[in-house]
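Some structures are shown below for you to check.
Both of the next two complexes hold chain A, though its partner changes from chain B to chain C.
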Partner chain A sequence: MKKNYGPVYVAPLTGWLVVFFAIPISIIVYYSFLKKGFNGGVMHEFSLDAFRALYNPTIFKIAFNTFWIACASTAVMVALAIPASYFMARSRHKNLYMLLVIVPFWTNFLIRVYAWMAILGNNGILNSTLISMGLMHEHIQFLYNTNAVILVTVYTYLPFAILPLYSTIEKFDFSLVEAARDLGATKFTATVRVLLPNIRGGITTAVLFTFIPAFGNYAVPQIIGGSDSYMLGNVIARELTVTRNWPLASSISMALTALTTLGVLLFMRLNRSSMESARESATSAPVKTPQSGTGATA
Partner chain B sequence: MRKSIRTICTVAITAIALSTILGCGQSKPKLFIYNWTYYIPEEVIKDFQKRYGVKVVYDMYASNEEMYAKLKVSGGKYDLVFPSGDHVSIMINEGMLEEIDKSRLTNFANLDTAVLPLIKFDPGLKYSVPYAMGTAGVSVSKKNFPEYKKSWHILEDPALKGRITMLDDMREVLGAALKTLGYSVNSTDTTELMQAKALVMEWKKSVVKFDSEAFGKGFAAGEFWVVQGYAENVFSELDENAAKDAEFFIPEEGGPMYMDNMVILKGAKNIDLAYQFINYIHEPEVYAKIMDFFMLPSINVPARAHMKVTPHYQIDDMLKNSEFKEDLGGYLELYNNIWQEIRVGK
Partner chain C sequence: MRSAKPTGKFSLGMFTLTIIFLYMPLVILVAYSFNNSKMMAWNGFSLRWYNELFFSSENLWHSFWNSAVIAVTSASVSTVIGTLGAIGLYWYNFKFKKAISVAAFIPMLIPEIIIGVSLLIFFAGIKLQLSLFTIFLAHTTFNIPFVLMVVMARLEEFDFTIIEAAYDLGAGELQALSKVILPAAFPGVISGFLIAVTLSLEDFVITFFVSGPGSSTLPLHIYSMIRFGVSPVINALSVVVIAGTVVLAALSRNVVKYMFQK
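What follows is the complex of A and B.
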């Protein structure tokens, strides 16, 4: 009789998730339903105060701001990552480019953020180059605003968009594009109607991998942001430390997690239904392409 | 084969080295200190270890909140901690502190008697011994902005738009505004606070960033011309020449002052050593060395004669109009709401 070793194999992973995911999340959920301690900490008494405090125009405004920054960053990242990964996947030097994408991770994240300050500062490299080239006389305020936050967020998480897209595009059968071109499609049409639908899985992963960390951003708005760039992550940190309201910090964290989960589920759902309809139209089409086959098994 | 012999040798040597280090540590009494990052020059601690034949285990925190949370959660094994005034009163209320027997501190008499009565966070200093005091003021780049009045109103100057930073700290920013309007930095009056909020919103038009970490670097780089903050954070980034082009002042209206204090935690294991350390810090020569290092004013009167460096400001400059920050208790919420509204720009 064959013994099932499955649970044994996944035990380390299960243990990891329980210790570093399930338990902390449970603590956050538990804390969010408690009364706040007078000097920080919590009192073990049931209360909905922390959730009532969420219903506050300031928090809504910050949440909206956060959502907007995360969406904009994600859109830019995916838009940049698709051509980049396409180029990488078609190149003869794939591994070299792959290495170049990963190299920045060897340097600490904060150091890279500070490097951006050196580039974008009023007396930074970019401003002084532009001024010395005579293109302008006065410096431009690049730093300390929402655009700077988006730029640095894009820079930070771009590899997370490139990696899944690259692996999908690399597996893509380019003879399909050739076939489309043979049948009279322009390059643009072939890309939009053949390539993009086939790498949809990669795009989904790229969106999820970048949107989630961008939504929970904390350090970038703190360092690069201006007097208005304030995101939910910063509010949570403040409630936990300066304001000593742990239940509120927990309830905002929960709201953040819930919003992210909801967004992810919705996105995956939309994606799946449009993928199914695409598959249906493909199978019902007179010429059967191998696309439907690969789509179904993937 | 040769490789494995080498490995065994390395392991053996490491083991021996480790056991010597650990063995050494065990024979000496240890004092566990939990203090702000870079808040005592290393030399001062080394001298203490040498003089008394003890070992100091020194851990650091970046904010009162971090320290408080850590002590609250894990208890910790620390003997001596350096909280600011507002956190001293919280820790007293929470019963976290050991009462201090001043008869054991011969150097307590060195402290400035003009300052001690102003301390309300621990009336009569039953639980804490002052370590250092100071205030956040304004640093100006004279090269870029030579003409100004030493007032908080400098923040309203339209010529400075985009060149100003203020601390990312509601107590400091609202405190400055409250003082400018002639109120207390510890005001809990809603009307006063609303006026202060309106003033901060006025300042915010020129403020490019609320920042407590990197403003010194930005000032040094010429990015910011007028920054609210602690002098040491700015001047530690400047070389000698650059320091000549910069000036630190305490605005005439005054502002919030801080006092950082030495406290002994309840249940500390090395109380005698902690007393020894507190007393050692307030020896005039030792204290002068510390204040020289940070260019802070000395609250230790005899130490002033030993100082070799002129601090950025004197105790008297602060006592004129400034006020110690006290814990806000339940009003923290009110301050926080106002601060969040300021930050999201409403």
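What follows is the complex of A and C.
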């Protein structure tokens, strides 16, 4: 019997992630139950102040904003990504198109954000062009509001939606759609009843990959946002570095993580139950929907 | 049946729209980097911003150097740790294996800002001065799960009977590792390393929290520049970054092709 080296291989991984991930996260949980120190830090005394402070209209409003911005940008990204990745997966130039989508994504994140400042800023291209054409005299403030945050979030995370959708659609067996069309389904019906249910896995991944970073967004609202588009991430940073209320920063961090998890679980659940109902309706429908992509292989 | 048939006009339209949306801002940055004016109104062709970028932006290049050092060191360490972990989790059975292979991916699912905040509080707790070293520790931490994921994906395609054959033929653990397992996992190891370098060069949020005075990286430097509004020097820098990205993309594609396709 040869020696089991498994634990030896895994030891550095486990050790590193315990020290630099598990312990720091546990400290946040611990700090959220403490009293705040006078200038940052904490006093080691049990207190629920940090959680009581969460129960206030400002935080609720910001949490709602965060949720709205994340949901809206996720919806826009997935709506754009489904047809775009469908086109890519069906094309003869798949690899070229893939590279086209990835190159802007590899460009530094802050430069991509800055590009929109250069376009939409008060001294930006759009304003200068409109003024020099004499269409208006004063600049319009396009940035520093919720819509600008949604736009730039979509811009920075869009490939996160395209990549998983592309790889799912590429594996999809398109003869199923053709079968549905032969049996008399319209293009629209075939897409909704055959294609979409079969690429559900890709849609789920795309939603998760875009919703999670959008919900925990800090940089985009910090740079492009205004007071109405403040997100939970910004409050955490403010409490940590400006107000220096570390227990509150910790409790908001926990709330952010909990809300993200809740959103993800809720979505997975909705997803599952709608899949079941789709299955039920499929069995009674005149055009049979295949139960899964693996069911029929050409 | 043809595998690629003409697709609908709607999806073509949406794809075109997506590509225009993705490239229009970058094209504008490139064009305006040659603008003579300090404002974003066109005022003739000029290379003055490139001149300023290359000859009087020492802090920027210093930050760039810091970024490069951190990217290479953190990617190397996380590649070693992630690769060993992937081999252990894939090839062996032991207690808590299942739990570890799930828990190791949690850092990918937690919002970046939480990781940044928790590390800042942790470093403050152990009285570790914020510096390039703390940035290196943070980057290694968020890189590990990505390397692990990529190497594991590679190992899944791999026929493990040849490892058993190596053992049967008398190879020791080190020999099996260096002569059989690592060469087989190598494409995964290389792509894990490249992904780690990219993530490290790119990271702003976590770095923002764990950097100290004097330990600026390129993204932090860009952030401090754009906070003061539009500056044509950033336009010129963007062009350099975009060009670098394209060259690296082409290079890594060809290197990977050359190494793994005969």
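The rule is simple: the second predicted complex is superposed on the first by the 235 of 298 C-alpha atoms of A that agree within 3 Å, B and C clash if a C-alpha of one lies under 4 Å from a C-alpha of the other, contacts with A are read in each partner's own complex, and residues count from 1 in each chain.
Definition applied: a contact is a pair of C-beta atoms (placed from the backbone, for glycine too) under 8 Å apart; a residue touches a chain by one contact, two chains touch by 3 or more.
Note that this is a predicted model, so its numbers are computed, not measured.
Colleague: In the overlay, work out which of chain B or chain C sits against more residues of chain A.
Modeller: Larger number of chain A residues touched: C.
Colleague: Is A:Phe109 in contact with chain B, with chain C, with both, or with neither (first, second, both, neither)?
Modeller: second
Colleague: In the superposed arrangement, which partner chain does A:Leu80 touch: chain B (first), chain C (second), both, or neither?
Modeller: second
Colleague: With both complexes superposed on chain A, which partner does A:Arg244 reach: first (chain B), second (chain C), both or neither?
Modeller: Once the two structures are laid over each other on A, A:Arg244 reaches chain B alone.
Colleague: Does chain B (first) or chain C (second) touch A:Asp228, or do both, or does neither?
Modeller: It touches chain B, and chain C stays clear.
Colleague: Go through the superposed model and pick first if A:Gln141 touches only chain B, second if only chain C, both, or neither.
Modeller: first
Colleague: Touch test for A:Met117: chain B only (first), chain C only (second), both, or neither?
Modeller: both
Colleague: Hey, what residues of chain A end up touching chain B and chain C alike?
Modeller: 40-41, 114, 117, 121, 123, 223, 240
Colleague: Which residues of chain A touch chain C in their complex?
Modeller: Going by the criterion above, the answer is residues 2-10, 12-14, 16-17, 20-21, 23-25, 27-28, 31, 40-41, 80-81, 83-84, 86-88, 90-92, 97, 99-104, 106-119, 121, 123-125, 128-129, 132, 155, 158, 162, 175, 178, 187, 212-213, 215-216, 218-219, 223, 233, 236-237, 240, 246, 249-250, 253, 256-257, 260, 298.
Colleague: Quick check on the complex: what are the chain A residues that touch chain B?
Modeller: So the residues of chain A in touch with chain B come to 38-41, 57-58, 61-62, 65, 114, 117, 121-123, 141, 144, 223, 225-228, 230, 235, 238, 240-245.
Colleague: With touch defined as at the start, can you tell me which chain C residues reach chain A in the complex?
Modeller: Residues 1, 4-5, 7-8, 10-15, 17-19, 21-23, 25-26, 28-29, 32, 39-41, 80-82, 84-85, 87-89, 91-94, 97, 100, 103-104, 106-107, 109-115, 117-122, 124-125, 137-138, 140-141, 144, 148, 167, 173, 198, 201-202, 204-205, 208-209, 218-219, 222-223, 226-227, 229-230, 234-235, 237-238, 241-242, 245-246, 248-249, 253 of chain C touch chain A in their complex.
Colleague: Mind pulling up the chain B residues that touch chain A in the complex?
Modeller: Within the complex, chain B touches chain A at residues 63, 65-66, 68-69, 72, 90, 93-94, 162, 170, 204, 207-210, 213-214, 218, 221-223, 329-330, 332-333, 336-337, 340-341, 343-346.
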